[in-house]
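Okay, handing you the structure first.
Labels run A, B, C, D and E following the written order; every chain starts at residue 1.
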Amino acid sequence: MQTEKIFDTLTKKFGNDVTPILEAAPSEPFILVKADKIYDVCLFLRDNSELDFDYMMCLTGVHQKPDLGVVYHLYSIKHKHKIVLKTFVSIDAPNVPTVERIWRSADWHEREAWDMYGINFEGHHNLIRILCPYDWEGFPLRKDYVTPEEYHGMRVPY
Amino acid sequence: MANYIKNMWDGVYTVLVGMKITWKHMFMKKVTVQYPDEMYPIPKNARNRLQLYADQCNGCNSCARICPVNCISIETLRVTPNDPENPKVLEDPENDHWLPRKLWVTKYDIDMAKCCYCSLCTTVCPSAAIQHTTDFEYSSYFKEDLLYHFTAMTPETVVSKKQMLEEHQAKEKAAKAAAAAKAAEEQAKAAATASAN
Amino acid sequence: METNIFIQLLGNNWIAYTAIAVLPLGFLLLYALVAILAELKVSAWMQDRLGPMRTGPWGILQPLAEVVKLLQKEDITPDLANKVLYNLAPYMMFTGAYAAVAVIPFSQQFVPSNINLGLFYIFAVSAIATIGVVMGGWASNNKYSLLGAMRSVAQIISYEIPAAMAILATAVLASSLNLNEINTVQDGGIFNWFIFGGPGPWFKVFVLPFTFGLCLIYMIASLAETNRTPFDIPEGESELVAGYHTEYGGMKFAMFFLGEYVNMFIVSAIMATIFFGGWQSPFGSSIMSGPVWGLFWFLAKVGTVVFFQIWLRWTLPRLRVDQLMDLGWKYLLPMSFICFFAIALWKMLI
Amino acid sequence: MGLLNKLDDPFEGGGVLLGTVEDVLNWGRSKSDWYLHFGLACCAIEFMAMNASHFDFMRFGTIPRTSPRQADFIMITGTVTLKMAERIKILWEQMAEPKYCMSIGSCSNSGGPYWEHGYHVLKGVDRIIPVDVYVPGCPPRPEAMQEGMVKLQKMISEQAIFNKRKRMAEIDKQNEIK
Amino acid sequence: MAEKKTFEMEYSKVDTERMRLNVGPQHPSTHGVLRLEVELDGEIVTEVVPHMGYLHRCFEKHCEAMTYPQCIPYIDRLDYISSMNNEWPYVMGVEKLMGIEVPERVEYIRVIMAELNRIANHQIAVATFGLDAGAFTPFLYYFRDREEILAILEKASGGRLLYNYFWVGGLAADVHPTFKQECLDVIKHIRATNAEVTNLLIYNKIFIDRTANVGILPADVAINFGCSGPVLRGSGFPLDLRRAEPYSIYDRFDFNVVVGKGEVGTLGDCWDRNIVRMGEMEESCKIIEQAIAQMPDTGDVQEKLPKKIRIPKSEILSRAESPKGDLGFYIVGNGTDKPERLRCRATSFINLSVLPEISKGYMIADLILILGSIDIVLGEVDR
């Protein structure tokens, strides 16, 4: 299905909660979703037989000042079409509903986004750090992150 | 029952097949290259230790800028125009073509303990002064030995060159100041004459 | 007739007995060195490489260097280990393996102790090594060691039975449990060895498949008993780090290592003795036979079997625990019963 | 002082015997090196290539051991992260004396490409354990690692076992002269 | 499957004490520094909890401080076994965002290099899988051949393992004159060794017993977990980006997408995943042969570029089929010469997430094999 058509279907279904943004090439067009609606949108995208997004390619956090964002890249193996969803939350209350129950691959991706950006995925069954040590402080990929001086008695900077 | 016998047969047969292969390999020619006595062929463009040809380096700093690891540190000093040594840069080593030098390279350090051997510095170098060599035998007992100082200048010459430059700069400054003062004087004069008129 | 050359020469006194005891020990140490070198070299050749090359000419001094090194290593006893058992285990293992040498007929003139229950003695004594493994695995207070030890015991116990069946069948053929006598029976050339059914008329060809089968069964079972690939599950590197000797280092580890190689020697020696005629010359008792030739033939046969074990080790992947048990109980045991039954029947008919 | 000197040098003047014994002991230790391979990153792959038929690390008399108790030296091949550093220290402490350490590749030498912004990378394994030989390269060629091995063997074979203090004093003197 | 069930049922009656075992982070067969916390009931695995991050080298943080060409050495170090394949999606993405077309000769060289590297990667994967099963000899046979591949790659790029060869808009250097002939020679050797290992290891009864019916991954589970590459294709699902969305010039070649068929056991077991890699080596050989036949002999290998590579405010998820599977780079440009965000959709990371799901109920020795059959590289998992 064409990207525009998918966007039409989504706007028909969700109205003002989604804002399609069709940018010129080379950038891919994407659709902005309100943070609290992301679970419903994703569920619809997966279960609608015409859309059938059964494969989650990528889930990533971004920090585009001042907000934190989550970007979802979805793919349909059957129809061979893809879509990009984006949602932005404020850095003070970065709460996004989890999509772990829709695609199991989101489990570790969301843990990584929590680890790196501190985005809180509400309802995730095991939202703990995945790459950094469990007792690490701070969220390293935020733009204002400062490297710690010491970790367990070991000097960190060169 | 048939499965039982087939399993046994498969087990014995495939083991024998495997044993035949390893037996064959026992008498094949060995591929080992005995390193300290023999050398495995290394292509000429292999990326191993970095080497600076100090004659060719004009101190443009582009290698230090491109280095993703920042393991190259360069300090340069402007050459005074009236330098008695009249320093030169080897621009084309094949034809032995030299150009006047604009910058002294007072410090050119590469920390081989950090280098990631990506060859970005050798590509950006305009005069092919820094190059990867095929030499890889430089492990050491001390980490400090892996910090390579490439410049051929002794500290004393650096100090003297610095002094020379400072003197020159001071002279230039004085000349400039004098020129400026002169200009100001002339201006004042001109203004005075203008106002007088 | 007294079969031991030392007692013949020196008389029945303590000097002779000391010589009888010390000589095999020295021999075993030498053997272990050679076996380690062979293991390193053969594995290397099978993999298109050279193996140790820089210690002496062609690396032949490599095992010696290892001994010198191991002697210098610090002797560690982990804090949480059971100290007595931990320190005792390697020696237990070596003792068990070494004690079995007592009845091996090296040559018709040299059997350290020519007792009539030789076969039973070997089976009884070699189980002591198992105790060493359990002691070591349990006492080092390490989960990997414990798992390794448990596996090792399960494996050794379950493969003891098919091995014993295979050996007993030859005891039936020879009508004796004395190893030297079993050897003596196989007199008269290669076709009188027990792998070819022992001495007998031409229609012994009917029993050939069964003796071959027994030899194969014993070969597999002996691999399992010595924890060699494809049965090296107790020390399977990919899952259990180093198995029951994970926590051992230095000389204690060397004892374990030595014990394993001596075990390898024992099973190969038994195999050579009961299936390949031991010290018998393959050309009959008139050509190339005699006490010295006997020793030569015996060592050559043991060497071949040891080489075979090394060869298998570097060819095959490793089995899983339950598959190992499957193989032992579901395949080897019934097969060994069938073979044993057939041989007993043949012995009755003849 | 007299007593201490006596301990250092039990047979007055050392002598041929002690020298020979020391040579034999050093020969054993230098020619038989069992290593604990601490494969961490890219260098571990080159390390595997070094073990393979073309380069055959076993020629040097090295045998891989998976348990630290049986190893003589540890090869740190790859980036040491802060999460990993504590484990390396534990392993190092589990090894039996005499033990050595080889640091292979830029990452374990000094953090390598990750020394600048690597908030989670230990900048050189020598911050937690003593390193005997540094092998540069990212990753080093297999022969470069073997050269490091030759260096390590050379170092071991010239180590002092007897008369340690005396020899160290001699070395100090030589250094002063230089 | 039937065997496994009865086995579990028999054991579930006996209530024994559970043991928690730590496998790793430094363990001979975790393929790096993965730590698995395993709960054991006797020898049966009841729970697996992977702990990662022992090689977390802050790749994404570094890239935010690097210019676009400087990122490439770091990208090499992600999946360090197949660096060429790593660089490809990244440079492809940057080229797309900049609107550059690379010369045809470059495309051919890229295909050949990537396929050679794919073979090298699969050789390591199959070799270490055999090593996990306890067979050491095939491991060395494969490494012997891999050395020849590395020699070619080194002659072209200068590096043995980390190449920094694919640059934005072209290649770092042209290939050497004898390149084509060397490739054809090495393909012969690869095929010979593959045949040998097939006899020595793959169809060995013990190996089949160890790997068949172990770690069964059904295709729908694999898709829901986002698996790709041989892990997904081993379950019988033919998703290959080279065929599904042909990038570069892959539409010009004739090759098969190898899928598992459940030849000796259940579809989607460890043996199937392994045989897919064996088959892909052969397919890669075919692609290389075709590419060498079609490749133009002369031509530029570097497109003219502005002195500083700047990317406008735009973003892309650029994907390519790496040996591990579908590798993607999410590149966000912000108008400067440094990326705003560079995220790696790490294949191994996603494939690994399926491990706890498929390893329950098997024995600890099987767990090691299942991990080996997924073929992870910790550099990519932890980044």
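Everything that follows uses one rule, which is that a residue touches a chain if its C-beta (ideal position, glycine included) is under 8 Å from a C-beta of that chain, and two chains touch if they have at least 3 such contacts.
Model, not experiment: these values are computed from the prediction.
**Student:** Farthest chain from chain B, going by the mean of C-alpha atoms per chain?
**Tutor:** Taking each chain's C-alpha mean as its centre, the farthest from chain B is C.
**Student:** Specify the chain with the shortest distance from its C-alpha centroid to the centroid of every protein C-alpha atom present.
**Tutor:** E
**Student:** Compute the distance, rounded to whole Å, between the mean C-alpha positions of chain C and chain E.
**Tutor:** 44
**Student:** I'd like the Å distance between the centres of chain A and chain E, where a centre is the mean of that chain's Cα atoms.
**Tutor:** Here the centre of chain E sits 25 Å away from the centre of chain A.
**Student:** Averaging over Cα atoms per chain, report the distance between chain A and chain C in Å.
**Tutor:** Chain centroid spacing, chain A to chain C, equals 63 Å.
**Student:** Spell out, as numbers or ranges, the residues of chain A touching 2 or more other chains.
**Tutor:** 131-133, 140, 145
**Student:** What are the residues of chain C that contact at least two other chains?
**Tutor:** Residue numbers touching two or more other chains: 46-50, 53, 237, 241, 314-316.
**Student:** Could you list the positions in chain D whose residues touch two or more of the other chains?
**Tutor:** Those would be 52-54, 56, 59, 66, 83, 110-111, 113, 115-117, 119-120, 138, 141.
**Student:** Write out all the pairs of touching chains, ordered by chain label.
**Tutor:** Inter-chain contacts occur between A-D, A-E, B-C, B-D, B-E, C-D, C-E, D-E.
**Student:** Quick check on the complex: what are the chain E residues that touch chain D?
**Tutor:** Residues of chain E touching chain D: 25-26, 28, 32-33, 53-58, 61-62, 65, 73-74, 77, 80-81, 124, 139-140, 143-144, 146-147, 150, 160-162, 378-379.
**Student:** Can you list the residues on chain E that touch chain B in the complex?
**Tutor:** Spelled out, the residues of chain E in touch with chain B are 66, 69-74, 76, 137, 141, 144, 151, 154-155, 157-160, 162, 164, 172-173, 176, 196, 199-201, 203-206.
**Student:** Which of the residues in chain C end up touching chain E in this complex?
**Tutor:** Answer in residue numbers: 43, 46-49, 143-144, 147, 229-230, 232-233, 236-239, 241, 314-323.
**Student:** Chain C touches which residues of chain B in the complex?
**Tutor:** Result: residues 4, 7-8, 12, 15, 18-19, 21-23, 25-28, 30-32, 34 of chain B touch chain C.
**Student:** Which bits of chain E are touching chain C when the two form their complex?
**Tutor:** Touch list, chain E to chain C: 7, 19, 21, 23, 27-29, 43, 130-137, 140-141, 144, 200-201, 204, 206-207, 209-210, 363-368.
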